[in-house]
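By written order: A, B and C. Residues from 1 in each chain.
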Amino acid sequence: MIQAINHGNIRELRINRPPANALSPELIIDLRAAVENAAAGAESRAIVLSGMPGMFSAGLDVPHLLTQDRAAIAKLWREFYALLHRLACSPIPIAGAITGHAPAGGTVLLLFCDWRCMAEGNWKIGLNEVQVGLPVPPVILGALHRQVGARQAEWLATSGLLMSPQEGLRVGLIDEIAAFEKVIERTIEWCKQLLALPSRAMLATRAKARADLVALFAGSLESEIAAAAASWWTEETQAALRAMVERLAAKASRR
Amino acid sequence: MIQAINHGNIRELRINRPPANALSPELIIDLRAAVENAAAGAESRAIVLSGMPGMFSAGLDVPHLLTQDRAAIAKLWREFYALLHRLACSPIPIAGAITGHAPAGGTVLLLFCDWRCMAEGNWKIGLNEVQVGLPVPPVILGALHRQVGARQAEWLATSGLLMSPQEGLRVGLIDEIAAFEKVIERTIEWCKQLLALPSRAMLATRAKARADLVALFAGSLESEIAAAAASWWTEETQAALRAMVERLAAKASRR
Amino acid sequence: MIQAINHGNIRELRINRPPANALSPELIIDLRAAVENAAAGAESRAIVLSGMPGMFSAGLDVPHLLTQDRAAIAKLWREFYALLHRLACSPIPIAGAITGHAPAGGTVLLLFCDWRCMAEGNWKIGLNEVQVGLPVPPVILGALHRQVGARQAEWLATSGLLMSPQEGLRVGLIDEIAAFEKVIERTIEWCKQLLALPSRAMLATRAKARADLVALFAGSLESEIAAAAASWWTEETQAALRAMVERLAAKASRR
């Protein structure tokens, strides 16, 4: 589900789980392990997180998760938080190459990266969790606030808006737009520029500049994770998630 | 002074106190009550705060306040803070439809709303308190900082600049510009989009995203309110306020 | 090294140390004294910090500093922090007139000013410390974060990017661009507009709006200053600084 492709000392981790690169519990665990492994070895000095052409990641695998029990959903949220924490703490830079759609959980992963480049095209990005009945948890709101400022974080998260790459760039959800066929290449190039710098100075500055992102995970997040898991089981959320899955199924059967 | 107009489950609170929609002590108390009532009833699920065509609100009613004694001015500030606190804590969304000029206190009200749409035209917005000799109190600076970032909050508040809708949009004082005759309609539509979302998820996300705005009111604000009231009576402020009122009177008599 | 030029009640402090306006230990001490003196006297009510045509300041005087011992480098950092603290705490407004290049330490000085106007032209601005092997210290990162937001502060500092005036304006490193020959005049005019305001209100608002900048210096900065000084002596930093000085010397000899 995660392809590791080395470009010299830059390791691309390509999410590859057709059709939607949906974040299943297994994929979440695998991605965290892949991020850890890349940083643990000496051969990789930066990570590019990418997806399939046209689909970076559709976010949590809702159709699968709707078949799961409370214990599984609780575990899912714990693992998802552990992945976000791992991204935030990565000792080596991680840049996102947004190869297509990146709604909901797709956008969330990117908030914890160093830099984000999105492919030009009719792709969508944004925290549309509220649209499907999921409240946005505080750690994710904190990372959004840090990235786009309080004013924009408030209306982006509350309205659950999905945006074009151009709108995403304007509000600061992404940092650059590249031609569709060049997005991975451009993201690798960005990493190369970082790696050409005096390493100790770059990494020390990076660590201090990201300290506020890492600090979001300070203290116990147990009650926050429990609240996110509990939300899943409310009537409203279950109904909204099921309605979404039915819409997706109807759309797929019309094809 | 406050007209309540129901558009389905969205309640428009239209400030209607000719000629300038100036915030008198009574209007401030009435507006707070209207905001409370809208949220207390089950029929309204969002509020649109609007004004008269060409004048959202000119801010505090300085000509009236200059006739008042120390006790009345102290009460005014206490009531104004209570109104801002009420706006910040509103359990239902509040969007501002800026139907015309919105200097000083007009802008302040908007800082505590969820979203702001301003009418196209030759209207002014901005915290020009310093221009008329009033220091901007910390809670208002905190809300400004939160909305436009520290760099812009510093020079906007210190220089007391009034801006066009276009400039207001660029610095983040407002979120959108609409055609003059459409600004209330567009703001209602924005609320409708929020209300079409799963309600629990939207409101929970909104509450967390606004927690930093509400936190500005944590702890005792007694000394801050006392300082704002004391400022009113300094020689500089009295002179600047009286000069402004004379300019306004001269302008009015020339018409 | 610091020319003081009075324009009525606005004192221009012009850095004048050819060829690069490099910040030597003496210049740093002199500049702090000049800022203190301007604020101490009654005749000056605002400061314009400017440089030579084409060169605001190239930052720390690395060629000179590479000849210095540990005690001198430790003293340098202590004095540099004292200068930044003095700029942050200035009781009168300080605006930067960026007359040319302002890399590294040149940009740092500007982060602690009230407002920044940059000359149009092929000049560079940015925190390129990492490019020459110096980690950006926390107080400077804090001021950068405050000025341009966390997302941009992270990549600007980590990548050590130098930018054009247009890019600097876009990210918020500067506040305005003026014609090359008008940049000092425009900055003086900006100060005049502030000084035309009711003084007590303006200064009280300014002090509150800058409280977060001043707060960066709260508590002991001894360990932070010691860390900055220690960084200077690492192998990586020494090699990068020496390489830079050799490049500059080669460039100069080709002229």
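In this section, a residue touches a chain if its C-beta (ideal position, glycine included) is under 8 Å from a C-beta of that chain, and two chains touch if they have at least 3 such contacts.
Note that the structure is predicted; figures quoted are calculated from it, not measured.
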Those chains which touch chain B and also touch chain A: C
For the two copies chain C and chain A, is the contact made of the same residues on each side, with over half of the numbers shared, or of different residues? different
So, what's the distance in Å between the C-alpha centres of chain C and chain A? 37
Taking each residue of chain A in turn, which ones touch at least two of the other chains? 149
Inside the complex, what are the residues of chain B that reach chain C? 129-136, 138, 141, 145, 149-151, 153-155, 157-160, 231, 234, 236-237, 239-240
In their shared complex, at which residues does chain B touch chain A? 93, 114-115, 146-149, 172, 175, 193-194, 197-202, 204-206, 208-210, 212-213
